[in-house]
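Presented sequentially are two complexes of subunit A, the first with subunit B as partner and the second with subunit C.
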Partner chain A sequence: MARYAMVIDLKKCVACHACTVACNVEWNVPPGFARTKVASTGAIGKFPNVMESVFVSQCNHCDDPPCVKPCPTGATFQGTDGIVAVDKDLCIGCGFCVEACPYDARHIDPVTNKVDKCDFCSARLQRGELPACVETCTAHAKFFGDLEDRSSEVFRLVYDRGAKRLETDEVAVGPNVYYLGTEQQLELVAARFAPREPRMPKAGDWWSKVVKPLVFAAVGATFLGQAVAFFYQLWHGEEQFED
Partner chain B sequence: MATETAKFPEIPEKPVPLSPQQAEAMAQKQIKKHHVAIILLHWFNATVWFLEVATGAALISSPEFRFAPEWYIRMVETLFGTRSNLLHFHIAVGLAWIFVFAIYGTFGFRTYLLRQVYRKEIALDRDDIRWLMVRALRLLGRSDEPLPPQSNYNAGQKLFALAVYSLVPVIMITGLMMTFHWGSPEWIRAAIVAHFTAVGLIVSGLMVHVYMAAVFPEEKPAFFSMFTGKVNELFAYRHHFKWWREYKLEELKWRRKLELAWARTNGEAGAGATATGDEMATSEERNTTFTEPTEPLASAQERPAAERGSWLRRALRSPNDWPPYAAGFGLGLTLLASFILMGEGLGASSAFVRWTAALLGAVAPEQAAASPFWGRYLGEGQSPLVNFVVFEVIGVMIGGFVSGWLGGRLKVMVEKGPRISNRRRYALAFTGGMLSAIGARFARGCTSGQALSGGAVLAAGSWIFMMAVFAAGFAGAYLLRRDWT
Partner chain C sequence: MGGTRRDFLRSAAVAGTMAGAARGAPGEGPAPPGHHGVTPVHTIASNCEMCFWRCGILAEVENGKVVRIEGNPDHPLTKGRLCARGNAGIGLTYDPDRLKYPMLRTGARGEGKFRRVSWETALDYLAERLQEIKAKHGPEAVAFFPHGVASAFFRIVMEAYGTPNHAEPAFAQCRGPREVGYALTFGQGLGSPEPVDFDETRLIVLIGTHIGENVFTSQITQFAGALGRGAKLIVVDPRLSTAAAKADWWLPIRPGTDIALLLAWMNVLISDGAYDRDYIRRYATGFDRLARHVQGLTPEWAEPITEIPAAKIRATARAMAEAKPAVALHPGRHVTWYGDDSQRARAMAIVTALLGAWGRKGGIFLPTPISTGKIPTPPMPESERGRADGAGDKYPFASEEQGVTNGLIDATLTGQPYPIKGWIVYGQNVLESIPQREKTLQAIDKLDLLAVVDVLPVEQTLYADLVLPEATYLERYDMPHVVVTAKEPFLAVRFPAVKPMYESRPGWWIAKELAKRLGLKAYLPWETPEEHLEMLVKPLGVNPAALRARGAVKFPGRPYLENRRPEDGPLFPTPSGKIELYSTLAEEYGFDPLPRYTPVEDPPPGWFRLIYGRAPVHSFARSENNAILDGLMDENEVWVNDEAARALSLADGQMVVLENSDGVQTNAVRLRVTPGIRPDCAYMVHGFGHRSPKLHLAYGKGASDAGLMTRVKIDPMMGGTGMRVNFVRLLSGEEAG
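So, the complex of A and B:
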């Protein structure tokens, strides 16, 4: 078993977007969309005390991923190695998971109309390679490894160097992308890119709160009615109904 | 209508009490209610509903939305191997369903959808509304008023049909939206909820439909009519009086035409031959037995050889085909034996492929070896004929010959429909043979190798193939029906 994690050192990142490019090329992500994105907090403060930080986002492969449960067909699932992946064959493109993700790490691919997201380059891992974004990172700011392996670099960075998860008291789902940076920098990032509450679209509420009970009631009532009729029929014998 | 009623005073306009003799005679007489195409369509539809509801229930696995218990979802997943097989099966069956009903709708739009369906299956008349009220009161024990007369379908059936006809398009369209990703995620979400709602509502009605047909004693003749196409006249009189009346009027009209024609052919010979059609009908009406001459049963003495001895001897020597269920069971046992003894299932088309490969290898070895298709068979290191299927097909021919010989059915003939020429039969057989050979290579197997053997080991591809075969056969049969009847 493994528990894959990524550590991103925001002090080292030079915001060159090479990770996005490498990922888009590797996975044929259409222009305008990305599985991993580079963003900025924007300049904060007043000259000369100005501060700005870069932020790199992607799927966090959460311990308790909020995107898995609402997927109607079971296309989104979490593997035993912690990787949250999508079975494209099963995806119908309903986007319940897109709305649920607190990190907005998912998008609907405009070509296939199915959901797309980072899967830590599972296919590359199986070949013994690193994720494309880690391998290509020009500043060596991205680290990838197994948190259950005490000798791994990510283990050292998380447990010795104190890399932090980006979560809030409200949304604590155990993200597995950790960030390194100065304290101020991480505060700034947390303020600007904090995870949001998972959203349930209206259709989902209708489905689980109105339609499902309604269908259960209709089927159940029919079933009960028939059971009564059946026992009535047994009780009175069939002759009464026969012509 | 009024004039017709005047012509047929013997057919009552309102249900009248029947004498025991009349009731007995009517109970014995079977009248046609359903066309064979409708029966086939009904059972095709029933199969599709069963498969789609069974697989659809397992497809919704989200803990937020699922309604089937987890063990059921696991069980169906295991049956299909992977969830993706499950989804593809659900989609394939659904598409076959849409395809068949699209054909039905296209060919029979005017006849069925407009005239038949609307008038007979949906539109509620005054009697229907009364029927619903009386039925409800009777159920509550507040009334023992007789139910108003009904047409082919009673008001309850009509209401259900109305729900089905309005919800089925919703199911089809939302299914297509999800399959082909039509529309934005908002639309797909609405589609999946609408799909579920429509199916759920129909299923609750479907339960009544199945209960009424299979369990409720009053409607038993209706159930059997979905196999035989016929109901007894008494049932029609009691439950579908208006339809019964139409049927009788039509029957009398034809009877009168026949009488007239009969009278003309016989000239003055018949006693009442000078009577006009109308008088004929009334005289006919008086001895109102309406019995048709029954086919004389072939007496037992006529076929002694095949009828003597043990059941096995009789089965082997019978000039008739086995009943299909017995033959199917026997075929299943043969398939099982093939799996146990040979380690592979039955096949047919690949034997022909191997024969062709061997022929090509003998005639044009280089060209055949260079072809990616034929080269595969020639590159095995031994003759392509060294294969179970090749010998199996030879065995089938010998076995078929022996079976025909034992049953005394050997003769040289062209098997064809009664109205077509031998030449047309040859042309059709050749065309159909070409098409099925091409199709068998597309599907990597024919009805034997793909549908039978693959279906027996629950291969998803084989089941999809089978669905496609039935759907295409169903559609094609319509076009070629005159070649066989």
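So, the complex of A and C:
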């Protein structure tokens, strides 16, 4: 079984943002949101002794993804290839997974009201294509492949060149986005972008974000179902409907 | 679709599908509905024009609409990669604010009131006005401001009409000084894309060039590739740019003193005896005079001028000496900064020569010409009155091919050397790209005709008498892109992926229709784009259909001195036939034959020198209304040093207004307080602060650096406008008025 992973070389990345835009266009991500983001640690130090690092983030498709458990409908799940995905039909937009993600890699799409995030471009993988961000990366700084495949480039970068996971002693959930960079870059990034503790839903959240919307959705669905049936009968006549 | 990367994962995916359960792996479920995978998509190979690098694209078309643009893996230079803007190209074509119909002005200039007219009416109007001006003032009284490849056909018509007056900001507001400085030294300029051999280099030197924020796809690929291979990097920049943050040596230089740094580098290379002696002996003249010139110009001399420690100047010079000749000193692109820019370019060229890096692996490589077919036309008329912009005359080294925009504006304002009565502005944004906006507006006031051909209702269209809506690059054929400054020269084509929207029309069609009305049909002697392409590529032995399918075709190159053949012409087409370290041509025209540092002013206390640059997600002042890119960056910020901000009690994130020495103020703009900039500079990204209310997304967002450029310093060698000569102060909310 595959274990998909990405390696991002911060030494090569020049923060051109091509990945973000390719992804946004590929997945119709609304303006102001992104599945993969380019950021900076900001300049640190005192002029002229200043340092800074670029940083690129997205869903880490963790070995032990904290976003899966709190999902009340099972919309967020992890496949056997390690990809953490969202079944949009099941998602109710409660946002529990957004809170749970230690890397803040998820957002609620304001157009669909459902959660959205990187899925390693599953649909593209299926067509035999690379993720959109990897394919367009002007710096050739993003690498994608299967860590179970010893001949893959990501295997080489992780096991031979020592690409690092961004995790801490407190939050170690096995992210599958790895980073290469200078020692200084990796230190700056670890200090600024370390994962946070997952925030799990409290009892009250369940009522306001899950039960209430579900009840309304159920009532709405019942009503909608009746309406559809009514018009269908009007149009097609009773006999056909009985078939 | 070629390329192996597309098939990279195919075998893995297929294997997975066989093993996968229904919900086993998300990569194996049905493709989501949307723009992919449902209706058939066909793909057109073309090239991008979100900027002028023209990367290879594949436009994916579904139901007559471009739904996605990806890189074309068959493009010789960009090989399937695209930048943020290239990926966002559909945001331009489907921008609801686009110019949709030809329009004639009904209100006052600047008011933006128009009536819609037919193309027939619009073109008749234009042809009549042009004939009137010609009859009254002569054809030279019409000035043409082209930019971008689509204007190439129109330019043929304007030359045939009889005006020698055409100018684009690519010269006097951008690359001109660099072309002059290198041409005086090596006998030829650099061209675009810059032939910098990042692929083979051991050391990269950037002076003000901020690769990463300034994005040209293939240049990024090569630059990042070099860093990945372990090439060293020296960045000279008053600001900690993205590139500077990656540098082995960051030299935060005092603005305007680069020539002093370059002279000190020469001093070290020569006094250490570390320059490329064989190369200089074989190829160069004027070495002894150069050596005498820089004798006392030591790092210690340069330290108080540049505010770079002498030890660092020496260390960087030695790093270059060690890596020579594989040193890629990037010549820069927008280099009209301080008015002595051609001399700075000369100094950069001399350092390149001392390192033996011109025409050598890892340095600057040489162009390889391609001969496309010649389209038979009548000869172009010769103007008796000559040019009005000063190119070749007042500005002896200005390019007559590209012209001096500000020279034409001056001529329009003063009526000297003769009156200019009509402007045709084509794809250029004269109010944003050329400094001294008020002067440009005064010149526009003097015109009998201002016609603008554009895609978007940018500010200048509000002043136009006639507005012609051009099709976007995804909707038109253009002059093929011939690139000689690639190691393997190539020719790439642009063909429409979709039909022009609204009543917009491609440039070639507009040009042909105007030519017909002016009786100049013979200058565009072809009927269709296909016919035009065939005439151009026939002598190259290229099959046009195959070319269209792949998007580009490449030829063998001769990039290094040792590959050159007699048909490439002389190695160094200078007067002496050698690299002129001492420029006899400059001397002949009364300029310093060796570059000299001229002192620069410091801003008064509490003031900053305004410097500016680019953001990776925008192109000049062209892309701010693109919804996809606006979603990523909808305004600029002004960067100020943290200690300088503290002294002025200004805080990070607060809104400020910039005011220059002439009292011009900007929109309020967010302050970015950072230790990553010198305390004497304020930096902002160019292109924001749009003033046309017809650009619904971009209007009023951010601040315009161009608006603050009320002062310029003209480069006397070529007429370029030095634009980093304005001082600004920062006013917090209450102080601004």
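Things worth noting here:
To be clear about the criterion, the second predicted complex is superposed on the first by the 200 of 243 C-alpha atoms of A that agree within 3 Å, B and C clash if a C-alpha of one lies under 4 Å from a C-alpha of the other, contacts with A are read in each partner's own complex, and residues count from 1 in each chain.
Convention: a contact is a pair of C-beta atoms (placed from the backbone, for glycine too) under 8 Å apart; a residue touches a chain by one contact, two chains touch by 3 or more.
Predicted, not measured: the structure shown is a model, and the values here were computed from it.
Legend: residue contacts after superposition of the two complexes on their common chain; A:W207 is shown touching subunit B, with no touch to subunit C. For subunit A, the partner with contacts to more residues, out of subunit B and subunit C, is C.
Once the two complexes are overlaid on the shared chain, A:L130 sits against subunit C while remaining clear of subunit B. Within the superposed three-chain model, A:P70 lies in touch with subunit B and out of touch with subunit C [touch as defined at top].
Shared-chain residue A:V189: touches no atom of subunit B or subunit C.
When both complexes are overlaid on chain A, the residue A:G42 reaches subunit C alone and has no touch with subunit B.
Overlap of the subunit B and subunit C contact sets on subunit A: empty, with no shared residue. Residues 69-74, 87, 89-90, 92-96, 98, 108, 112-114, 201, 203-204, 206-208, 211-212, 214-216, 218-219, 221-223, 226, 229-230, 233, 238, 241-243 of subunit A are the ones touching subunit B in the complex.
The part of subunit C that touches subunit A in the complex is made up of residues 5-10, 12-14, 16-17, 19-21, 23-29, 31-32, 34-37, 68-71, 80-88, 90, 211-213, 215, 217, 220-221, 223-225, 227-228, 240, 242-243, 245-246, 250, 252, 616-617, 627-632, 641-643, 674-679. Only residues 23, 27, 59-65, 67, 83-84, 87-88, 178-179, 181, 185-186, 188-190, 192-193, 196-197, 200-201, 203-205, 207-208, 211, 215-218, 234-235, 238 of subunit B touch subunit A when the two sit together in their complex. If you check the complex, the residues on subunit A that touch subunit C are 1-2, 4, 9, 11-18, 20-22, 24-26, 28, 30-34, 40, 42-48, 50-54, 77, 79-81, 83, 85, 88, 119-120, 122-123, 125-130, 132, 135-141, 145-146, 149.
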